[in-house]
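The structure under discussion appears below in the form of structure tokens.
Every chain is named by a letter (A, B, C, D and E) in the order it is written, and numbering of its residues begins at 1.
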Amino acid sequence: MSDMTEIVKRISGVNPRKCMKCGKCSAACPAYDEMDYHPHQFVDMVENGRLEELMDSKGIYMCLSCFACLERCPRSVEPAKLIEAVRLAVVRQQDKNHLKPEQIPGLLDAELPQQAITSAFRKYRK
Amino acid sequence: MQELIKAKAVELLENGVCDRVLGWKAGEFFYDVTPAVFRSREEIEKDFVFGPFCGANMSKYLIAESRKEGKIAAFLKPCDTYSFQQLQKEHRIRRENVYAVGVQCEGMCDIDAMKAAGIKGILGADGDGGTLTVHTLYGDKSVERKTVLAERCKCCKSKKLLGCDEIIGGQGEELESNRFAQVEKLEAMTPDERFAFWRGELSRCIRCNACRNVCPACSCEKCVFDNPASGVENKAAANSFEENLFHVIRAFHVAGRCTDCGECSRVCPQHIPLHLLNRKFIKDINELYGDYQAGADMDTRPPLVNFQTDDPEPSVVHERGSEQ
Amino acid sequence: MQKIGVFVCWCGSNIAATVDVQAVSDALAKEPGVVFSTNYQYMCSQAGQDMIQDTIKEYGLTGVVVCSCSPRMHEATFRKTCEKAGLNPYMVEIANIREQCSWIHKDKETGTEKAIILGRAAIAKVHLNAPLTAGQSPVTKRALVIGGGIAGIQTALDIAEAGFPVDIVETKPTIGGKMTQIDKTFPTLDCAACILTPKMVDAAQNENINILSYSEVESVKGFVGNFTVTIRRKARYVDETKCTGCGLCTEKCPQKKVPNEFNLGLDNRRAIYIPFAQAVPKVATIDPNYCTMLKTGKCGVCSKVCTAGAIDYKQQDELIEREYGAIVAATGFNPISMDKFDEFAYSQSPDVVTSLEFERLMNAAGPTGGTLLRPSDGTHPHTLVFVQCVGSRCDGGEKGKPYCSKICCMYTAKHAMLTREKYPDTDVYVFYIDVRTPGKNFDEFYRRAVEEYGVHYIKGMVGKVVPENGKLKVQASDLLGGQQLHIDADMVVLAAAIEPDKSARPLATMLTASMDTNDFFTEAHPKLRPVESPTAGVFLSGACQGPKDIPDTVAQAGAAAAKVIGLLSKDQLTCNPCVANSNELMCNGCSACEKVCPYGAITYIDKDFRGPNRTTLRRRVAQVNPAVCQGCGACTVACPSGAMDLKGFSNAQIMAEVDAICK
Amino acid sequence: MQVNQEFKPTIVAFCCNWCSYAGADLSGTNRLQYPANVKIIRIPCSCRLNPMFILRAFQRGADGVILCGCHPGDCHYTTGNYYARRRMTLLFSMLDFLGIERERTRVEWVSAAEGAKFAATMNEFVETVTKLGENKRLEDLRCKS
Amino acid sequence: MKKCPVSQLDALFASVAARQKLYIPAGEAKTAAFQPWQEGMKLTDALNTVRSAKDLFFPQVENLVNFKVTGKQIEIIENRDPSEPFVVFGVRACDCRSFDILDKVFLCDPVDTYYKTRRENGVIMTLACTEPEETCFCTAFGIDPTDPAGDVSCWMDGENLYLRANTEKGETLLSELPMLSDGDAPAADKTVFDRLPLKNLPLDKFGGEHMMELFKYEKWAGLAESCLGCGACTFVCPTCQCYDIREFNTGDEIKRFRCWDSCMYSDFTLMSAGQPRPTQLERFRQRFMHKLVYYPSTHDGEFGCVGCGRCLQKCPISMNIVKVAKTLGEETT
């Protein structure tokens, strides 16, 4: 897992140690109430090896990537980049069937292009 | 180009902008051009030249010339202007006594490169553009212009004309050059190989001081190597130590001030690639302390009289070496 | 050729146990130039010193080498010994054969061999020593304090008390500085004006203090003990000697719409003004940017009402030149601009104020007469939100200052407490990252704000403030409570970071005093010389050296004064004779040495030299001021021609030591 | 007669007066041993060290040269060691570029309190240089008689 | 006259080198130098070496004597660099002529024994020129590049090396080489030498006659103006013979040595009273006055230049004896 933490840090370019725990990111976050973990916690969890919990959390998909946290952070920690990296890390996981074939019929919708389903299936069935 | 420059020289002289003109004087052959001071229209019309063999860096002459009475007009190539500006930065040139005319440059040719191409008894050359027809004692030969360019011009760092009063031939740009390629090649060698390389090169040194005396950065009132009190003075290198000493100290003294004009290597009668020592310093400075081009501006503090509190430790040299 | 005496000390058995002292003195006796060589039990004893003195006289020694303990121990002793015997003290060299030889080697042969080599190196150096005389430079017994805030005033008062004349240069029309704008002071809650204004009056009345208000330093020349300073006395268009400070003009002036800087633009003043009631000097000043008379030539009301005839529209800036022995920088601080922090809506709502503005809103002499009212509508605020660390502790660069501004935690606690005390019906929230309260009675003060006055301290930051329907919607995080807070506030107060005054950087250049990247003055040593600049004769007082509260500022101001008094009480300064020396014949005038000199000891002059064939050449050459040079030698290596050398540690001397050691 | 005499390198240590020279004194006061081939030259500040002195030492037979000064930030003259650091870095790099063993030169920051560090540094440096053997690449044969 | 097939050149060199040290001009054209012959070494393509053969007889640095001081005693220790018999092959006619000039300086009374020993030990094998450079002007000094002097004169065509001994030393050397057979060199083709651009260098005005007139000539200033004051011309010159005697203190003893000096240097002949030639103008003038006027005036009109053209190639700013001679020669007429 610590390798994963390194990868998340590397792809995000974020150094969580720069965080001084002021909470301005969470103060600025418009999606705060939707999240189980909040921006300042993302940073703390990556730094303190709680990446797995973060990856399992639904909260990471609540982040709107509005970059308010990134814009407001006095220490240039850039939590939004971190969360995007965590989402990528989730997507890139091997042997996790994020989309099972049996789910597909339920997702079918006349409005939805077939191509999107095909792509999603390719992408999330690893 | 030559005609434009000659006309400008005459104009400046006759308008009273200056009373002397520093330029190039024709020699016995088409290539042995000499820097000279012209004082009249007649002299200029008779002997003034500008061509592919006007390689000499004119800036150093301005140290003495700018301290004389009156004003001198000088024609400076891009690399000359870097030295010109660096010398002003060091308060060596009185700018008010100089009228600087920047002349754009397409790269200078090297007569030794022509000879190295196997051409003997060279009497003259003509032809514009890519190919030169060389007239020799043994008939005409043709040669690609770019193959006989001086080494330094093949990796020209900038065509920018700095701090001139006027420009002929248009302003140029800084160029992407691979001028550190040779330094990198040496760095990649083992210390033993490097030692052998430099011993081979420096053992040819005859301490003629041409490199020092032509160098615009080596403009000390009295050089330590001429000063009996300095402890390093000598007229000839008695052994390999003194050969190393001279070139290391010289490179160190110009470090952070050398504009990389390449004159040292041009004038070396023994063809020692002395510019590599200076480039090594420039490369180190760029890598360790941030990019710095001596002479590029008038304000930036030269790297050796400057510091950052978080500069790398000298052990970086050891560490860097051990990576190889 | 020198006549050198060698004296080898046994140091009891400290040296003699592992060094054969007889062998050392015998071996060194054979060195060229050595005319006498001996060893003795304790060279530093009276008998040992007498022996050295007798030998100097008997043998006519021109140099002395003592092989003994570290020069850090007894170099001064032996120098004095030799001086008493008529030998120049700088003709003495010490070979350290104790700390660097006998004490670290067990084998006697090894120790002896090394001691001989160390002795040889010292002899080789003495051969090249030259007698050095410590220079003297006179001291002008007058000090200049730049900045008339509490730091400058305190420094000036302390210097003046010791009997030395002091000039205070203040750029504003009055002295007093930031403290005049403060309402109450932490942690005692004294009224700032009550404790400051008496000091201002003291300064004005002290015979040794000369206040040059509405003035700026134009240039500084010279060096420690001998500064020449040009001061620009800005035209205030009022004759200071005639004005009685009655204030009639400031009431009659028809130009009423001038933002009042004393109240930070929260109200207006006239074009002719006295900044505040207790101003010192209490003299009116015309603001040329707003005065109709000065701008259009039509008006002249003030001139008509002034019974003292003090108004002078033709007044010009005046340059005066004064001599000083010491200079104190006390240029102070300013809150940073809030332009870059628009998330707090400072530019969008007048009800978002900085802490300094809040001071004025609470102050009885302020725009609201001491009643806390919202600047937007003049109503009484019920909910107040204080935001700490605005622009402090940032990542540097664009975002703000990298340092902690140090005073904000305390003044915010003060504001919160005062608000709750005066208006118990208010809700006060303080958002903090950390509460930093080191200092006597400071933490107790903060705890009182929480425990007694019920201020809500919330760990977290405010993310945004949105003005909406007369309220300020504050969105913030409560990290300990794990929630995002939404507060409808009436006022938001920002604890803006502080930064050095903009005038400090050009002043530092004039003084050749160094600064850090944040434009705070650098001290000569961060621990041991905290009130001195590395430039001799320049001292630091107050927040220009780093963020400070009033007690720290006053303490430092006194310390700086003590240093100044120490300097001014000397008639002559004795200079270290081991200083750099420029050989003008070889100097290129390139300025490399000047750039590396930490003390500004090197200047350049154009000088005529005899050239070949009866010509004269004018050259730019370096000059070292021996009174300022501290002898580090940085310049000697920066100099490519070797024109710069260091007395006592010359190139030749060091190379002679190298030769002797490597032989 | 011993045929294979142990090689004892000559080491010149330039020490700044305020920190490192005092550090060396302290290692003496604490009786911390280091080889006698280390000889110290006192200079006012590390920034006084001219590259010429280093080359001179090698010319005259030194096998290693070390510069000790105050830790960066602690210079008695505020900034001297910062300049020394740049100069030495570049000089050492140049010597390395010429193929001269980079282990023969060293800079170490030793405060007045670091007597133990001084002794340890010297021990280690002497060991390194002893392994390298005699200085051949920057020698002046005239001085080796 | 003897000959040896070019294909056997290596064997010839090996045979010479077996008896004494042999130097041949070798190396890349731009750095060609006389180098001790080793198996497999090839002659350079360059017409001439960067430094002349003078170095082998008058080296740039040479030990003279040592002094040792112990107490108040000074001991004088003989410390000459050893000299052994050697052969130098491939000396061009111009360089060979330089030895006539150097001999007149070093072998006249008082004899320079350091130089003399080397002259006695050295055998000069010259090599005739066939392909001169445009900078050659030895013919202006009456030198025939196709018929060089020396102890042994050599000619080379595509097939053979022809050798002719001119002196006893030369005879001895050739007699020891078994691979030689009899044979005469074909007549040299001299036409290319007539086309040399500098062959008619005007030298009539030089010599002792117009000494003061030339000394005071106002055009020296213009000529010397761009001179950098380096010693490149003097150190590549086959006839420059100035040296300085210096001492080096090793700590144990004083080594007195001599090294080449250059009249172009600002400290040339520096005396306690100062510099007799204070500016580059005087020093520049000295060099050319010496070669073209002073030397001939005391040596029966023989010039101190052999027209090898090295200074034309090596001067950083292309100022040289030809430009000086032309400026002075033409206009003082």
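Here is the rule we use: a residue touches a chain if its C-beta (ideal position, glycine included) is under 8 Å from a C-beta of that chain, and two chains touch if they have at least 3 such contacts.
All values reported here derive from a predicted model rather than from experimental measurement.
Counting hops only between chains that touch, chain B reaches chain E in a minimum of 1. The minimum number of touch steps separating chain C from chain D is 1.
The chains that touch chain A as well as chain C do not exist here; no chain meets both. Relative to chain A, the most remote chain by averaged C-alpha coordinates is E. Chain pairs C-E and B-C differ in how many C-beta pairs are in contact, and the one with more is B-C. Chain centres here are means of the Cα atoms, and by that rule the chain farthest away from chain C is E. Chain E has its Cα centroid 46 Å from the Cα centroid of chain D. Averaged C-alpha coordinates put the centre of chain B at 36 Å from the centre of chain D. Inter-chain centre distance (chain A to chain B, centres taken as mean C-alpha positions): 57 Å. Each of the following residues of chain C touches two or more other chains: 596, 638, 651, 655, 659, 662-663.
Looking at chain B, residues 224, 230-231, 238, 304-306 sit in touch with two or more other chains.
With touch defined as above, residues shared between interfaces to two or more other chains in chain D number as follows: 51-52, 56, 60, 79, 83, 87, 142-143.
Interfaces, counted as pairs of touching chains, are A-C, B-C, B-D, B-E, C-D, C-E, D-E. By the touch criterion stated above, chain D contacts chain B in their complex at residues 51-52, 55-56, 58-59, 72-73, 79, 82-83, 85-103, 106-107, 137-142. Remark: chain A residues 18, 20-29, 32-33, 38, 40, 68, 72-76 touch chain C in the complex. Contact residues of chain C toward chain A in the complex are 343, 389, 393-395, 399-400, 433, 459-464, 475-477, 479, 482, 484. Residues 60, 142-143, 145 of chain D are the ones touching chain E in the complex. Partner chain D is touched in their complex by these residues of chain E: 248, 250-253, 255.
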